[in-house]
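In the part that follows, the structures are each spelled out as structure tokens.
First subunit A sits with subunit B, and in the next complex the same chain sits with subunit C.
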Partner chain A sequence: MTGRESAKSGQKPLLSLRNINMTFGGVRALKDVSFDVLPGEVHCLAGENGSGKSTLIKIITGVYRPQDGAVIEFDGQTYSHMSPVTAQNSGIQVIWQDLALFPEMTVAENIAFQTLLGRWPRFVNYNAMREKAVKALARLDVTLDVDRPLKDYAIAQRQIVAIARALVGEAKLVFMDEPTASLTQSETDHLLDIVRTLSASGVAVVFVSHRLAEVLEISSRLTVLRDGALVGAYSTEGMTQSRITELMTGKTFDQTVRARNVNANPVVLEVEALSRPGQFEDISFTVRRGETLGITGLLGAGRTELALSLFGMLKPRSGTVKLEGKPVHFSSNRDAIAAGIAYLSEDRLSLGLIQPQSIADNLVISSLDKIIAGGLLSDSRKRDLVAQWIADLGVKIGLQTDAISTLSGGNQQRIAIAKWLATDPKLLILDAPTVGVDVGARAGIFDIVAKLAETGLAIILISDEVPEVYFNADRVLHMAKGRIVDQFLPAACSLAEIEAAVYA
Partner chain B sequence: MTAILNRIKVALGPDMAGPGFALIAVLVIFSLASPQFFSWATFGSVAFQLPELGLLTLAMLLPVLTGGLNLAITFTANLAGLTVAWVLQQNGGADAGPFAFFLGSVLGVGVGALSGVVMGLVIAYTRAHPILVSLSMMIFLRGLGEFLTRGGDVSGFPAFLQPLGHGSILGFPVPLLVFIGCVLIWHLLLTRMKLGFNTYMIGSNIEAARYSGVNTRKVLVLVYTLSGAMCAIAGIIMLARFNSVRVGHGESYLLITVLACFLGGVNPFGGFGRVIPVAVALVVLQLLSSGLNILGANQHLATAVWGILLITVMVLRFAAGHFKSLKRKKG
Partner chain C sequence: MRKAVQSHATEFALLAVIAVISLFLSFATDRFFSLGNAFDLLNTSSVNIIFAVGLLVVLIAGGIDISFAVAASVVQYLAALMLGWMGGGGWISGLLIAGGLGVLLGAVNAFLIHKFRIISIVATIATFNIYFGLLMFFTRGVSIYNLPDWLTARVILFEHEMADGSWIEITLPVLVMLICVVATWVFITRTTTGRQLYAFGDNPEGARRFGINIGAMQFIAFGWLGLMAGIGGLIQAHYAQEVVPNALYGRELDVLAAVVLGGARLGGGKGSVLGCVLGVLLISITQNGLNLAGVSPYAFKMIVGAIILAAITLSNTSIEKLLPFMRQEEGRK
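The block that comes next holds the complex of A and B.
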């Protein structure tokens, strides 16, 4: 099964894993997994959260030690397990999703510090470091000021810095964990070019990505894991997105356009000529009761800034916002929440939820008044409220008092949605609600969104993944460079039409 | 054994295990070491000494829960004490009446709260680090206090203040009753009030709390204000206990209050910690010092033993966490 493709190509694999087993606290994270990567190929490792992708990467990079019987062959050497040092010295590099960079240090230090570790004399040679950094960035065809602290740069550039760091480490095999999750389309294209260049120069790249379109575009082979077991290794030739989803989840999904006609419903939100120079200009639109309005566009199109302005966290320079016909001016998001506007942040990890705190506390934080009895917070009311929402939205949890960070991305997002629904909103703004949520769990989130729309809630759905808004919104606005440039009705146009406009 | 421990954990909360265990250990060790340990004299001395450190620790606890610190607690306490002393002196010194004391106390609590308001505003609006802000406030208050008192003591208070520092009601020392009252208020605040809830949330992630609609600035200002007011109560109790006010009173308590919080299971980075375990931790520290005193050890040595105890607790906590994760891996 796994040997099929490599046998076909007749090439000896650069990396070959056999009999990989791993158990955490009684849970088998990996069951007898095999995995091959050919020299210089771009290989995609696909699977839902919890399918064992990260565990597998951590075994290859020496973070975890697999159970006895494992065979790891890399570049002609055979190991029973790796250590982080052997992995790095033999040319295996990982770019983790959180990038593992130092924001306070300069770009050069971030890129080149590893090369200086453990060398004698133990002095830091800044000139050598700068030189290495500049060279690595040049290889990626990127210009950054290597002397500036990394925190001056946006996530997209930090990603590039992380890649440059891997290059400096003389990599033969680079793992990229969700490398494009926070990049715009042009940045993604640029990154994919970089990956092709790397691959052409003989560096093998293993891509872990939720974005199936780019998986198909960039990789030549694909290994799918499900529930810690190998589903199979496939050539991406002739593979489709829906086929990959089926392999990952073991279920079939048929996506249909959900758009309805809600023009008879009363207008909930009316935005007129709203501007915040430098971020968005002259924005006008309406959202009706029960309507799901999609807003799509590239990262940096001003979508999040627009949402934050509606939510009272940024001040627009000019223009008006009317809620149910009455003009509103918010001096903070507390005013917006009181008026019936809720905003689900795109950044669930650091802004959307308070990760170390409990599931229950995260759910009630925005509606504490509801659990007050006799002037004091009531534990029993809190428990009841939380239990009700968990049942309503079908969230799978252990205890209400468990930290929210123990939940999967999909279940965390459901709690975040419940948090806002508990404030009785008239308008719910969902900013990239499926970031870091599995393909399988995404459908569940959109089922909830559809049900909410049925109950009359007005919803603004912001996403840079065009299919999401196409299938789930009643109307789609295309935002580019801070302006609304076009409107589409999914019921009357094709996905390709919108994609062509957005990614043009 | 583990079953019993687990039941205790469920009943009292997991953060109670450390302080509870330390309490039992201290009681057992000292009763074995000295037959006089289990006596009213020991518990009397603990009961009278605990409240000063205890009230200051309560003042430290709230800012720590937000992920901050209030380094100005002892000087805030003594400046509040000075305010009371000033009002008493203006009204006849030793002959001043209860009303003058009442007025002085209200003003004193006001002064304490004011110091907190200023720190809270600066921290909330400039996002400056609480250590720097409260350190500046501490230096300001110390300088101001030393200027006002010329570095000396202020004394000569009316006799009716005596019971506040040394008296008992139904066998309970008055300062202890004040402390217990304040512990209960803090407990109620943190477990049953919106301010307490938001204090924990801010401590874990202030930006996420703000996005959730928490008025983070208001919460920070209120937290430091309450911290300052609690300092003032500590200052008034110290005034009554020592029958004098000096700017440097209780200065050595400052860092002990931080450590008492951590001994009580408070997360040093904020977001987690409860009042009751901290109160138990305070009892442990005080028993330790009184016990060593009975054994005839030097008072300074007692302080050294506090340090060792705290280090031991940190190491044990690490070991316990390590053991747990090992068990999970093997599971």
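The block that comes next holds the complex of A and C.
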């Protein structure tokens, strides 16, 4: 707990911001925000999407220029605004959520990228770059082939490359924007260890994460933003997850187990001994009408591959799938959709929704046959269909014709769900439906899920966040290494029991 | 070796295709497989290779340029006029003028793209039409034949008569081409600016966050292509011994196809000088072979098109799928 020890009061801050204001096209993104980071501490910046966290980070790192009157003090120097070069030269490093890496370049180039900067051309010293890269990776206790292009490595390793890059930059202050969003539990643990190592060596870390358990575990202090304004700065000593949620949203949420007994309902989906070697083996389960079946397990347990097989996008090697008693064989997802299976993909931003297109067009894309009149697509039918779903799911939108990218993560997710509901499915598979969605909006999504289950829809809810399936599913399957290893009934067990099994 | 094949899959695929085609042509024609013909190929491909390495730099930086070939025509014409006024000039002044004018025309593209945020394909289609229109309007399509003597005189750097009576020659265009190829290779793989161009093409937003000067990147990329277009234009005039305003019209698509064939990605961040040179050579070899085999020139385009499709499919389908022993290797890791 090095982070906590360094958070002594009266210490002079490493970074101190005052009077930060920022306006985008008439919308005030930040209002009079102040923010302090102490040397060597792990500080969490919390807030819902759109609360101004990213804007604040971009101001500190010089991507945006705040309005006049801003005061930025860093390491004894005072600035009215930063530039990316000043920020980097004075020791501020960011690990962006999208990592800002260069996939076609080698690992060494990505890590030692700073040595490639500068206005005037110089010859590249590849040996020096390689050495720096290896050294930075060694500090993180990682070995990678630094001569391979980065695109050969998976996201967890890219994350580490991004951190190693910050180390090469002689960082005094490192921002990490959602660093654990796509990591498995053991990778996350490794990352948190790395953060502790950094903090112990005197580097301050500002941590942005939606996973509040992590926030409490790793950070010593916490600054909360809401709607672009500062709510306050707090010590994490004695702080709880629900208290943070309250500060972030201004509302209180209580979580109750929603599990019901649906054993009397007819079976919708019956999977028997389904296998796809290397990804999942011998999977058998059933889902009933109105049932919400949770599937949890670590990243890489084969959950998504299983879902894609049910949805006809991957071909299982052996085993049977029965839908309402009839065996089905899908040769593509078109067959699966026609048979009544809907799949909300894990990667909503790039696969699930077409970002530049309008809300209405996104919503009807999978159910175009429903809006045909006289052989052509009918605009008025489209409008009606969209209006109906938007009302049903309580999505807040401006115009139907606005681009989907103008919506918040939570509302985008609702549109993605509506898109599939419009196909009249019998079975809805939700794969990690709350990734990138705020705490407040998450509750809204699960309210929708509960309502849908009430109407008789069979739902498979896949998530690596155990509390999500615990509170929202009727039954929970635990997948590990491609097999179903256990089944839990939330109504009859505790959250800790499942967590212990999954994270063991 | 396997690692080398994996990291240069495109180059190896191209080499394989070139080998297969050469083998086929050497059986189909009696003259193809001779050193004399090989050097002929090198001499005739020089201008396209010079253009190709220039275009490669723009593609790596995430742009595209349709205008460089007509820009090269404009440079030829202006350079011929300027050299006439100067009373002759020489290779040094000629290359300086041609290169300088080329850089200027490339900078116009960069300016439009950076200043007015016009996407590069649209901006350069516009300048393509403007350059070509201006050239045809002011020259009325009239060619220049009375070029300075130094420009039309063939410069043979090395020649040797083979046992079979054919000659092998290395001419000035080949030397200039080699210098351009090596300079581009050094520039994009060995200098910080070259790597910044890769990074910018690979992930523009990431590059911007590092404070890389985006405007400078555009000017450097299009300036480099302009420089190559200018030099290529002068060399083409030397090779053809005349300046014909529409001689290079249409060359841009041949060169673009060759560069993409060589593994450069439309969209940026990827491409190598070696791949680019092999891409041009593959197309030249095919045309040369078809020519020697007496195939109708009208069939050339069709066959070249088919080869581009085949080669791109081959290099996109990862080489492991085609060679089973490599897949096993991957599995064992």
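As a working rule, the second predicted complex is superposed on the first by the 493 of 504 C-alpha atoms of A that agree within 3 Å, B and C clash if a C-alpha of one lies under 4 Å from a C-alpha of the other, contacts with A are read in each partner's own complex, and residues count from 1 in each chain.
In this section, a contact is a pair of C-beta atoms (placed from the backbone, for glycine too) under 8 Å apart; a residue touches a chain by one contact, two chains touch by 3 or more.
Remember, predicted model here, so these are calculated numbers, not experimental data.
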item: Subunit C versus subunit B on the shared subunit A, clash or fit after superposition; value: clash
item: Partner chain in contact with A:245 - subunit B first, subunit C second, else both or neither; value: neither
item: Touching partner for A:334 - first (subunit B), second (subunit C), both, neither; value: first
item: Subunit B versus subunit C as contact partner of A:366, first or second or both or neither; value: first
item: Which of subunit B and subunit C A:472 touches, first, second, both or neither; value: neither
item: Contacts of A:356 with subunit B and subunit C, given as first, second, both or neither; value: first
item: Which superposed partner A:124 touches (first subunit B, second subunit C, both, neither); value: second
item: First (subunit B), second (subunit C), both or neither touched by A:109; value: second
item: Complex contacts: residues of subunit B adjacent to subunit A; value: 188, 191-194, 197, 200-201, 204-205, 207-215, 271-272, 328-329, 331
item: Of subunit C, residues touching subunit A in the complex; value: 7, 189-196, 198-199, 202-203, 205-213, 216, 269-270
item: Subunit C-facing residues of subunit A, complex; value: 61-63, 83-85, 88, 94, 96, 98-105, 109, 113-119, 121-124, 148-149
item: Subunit A residues touching subunit B - in the complex, by the definition given at the top; value: 24-26, 313, 332-334, 337, 343, 345, 350-357, 361, 365-366, 368, 372, 376-377, 419, 423
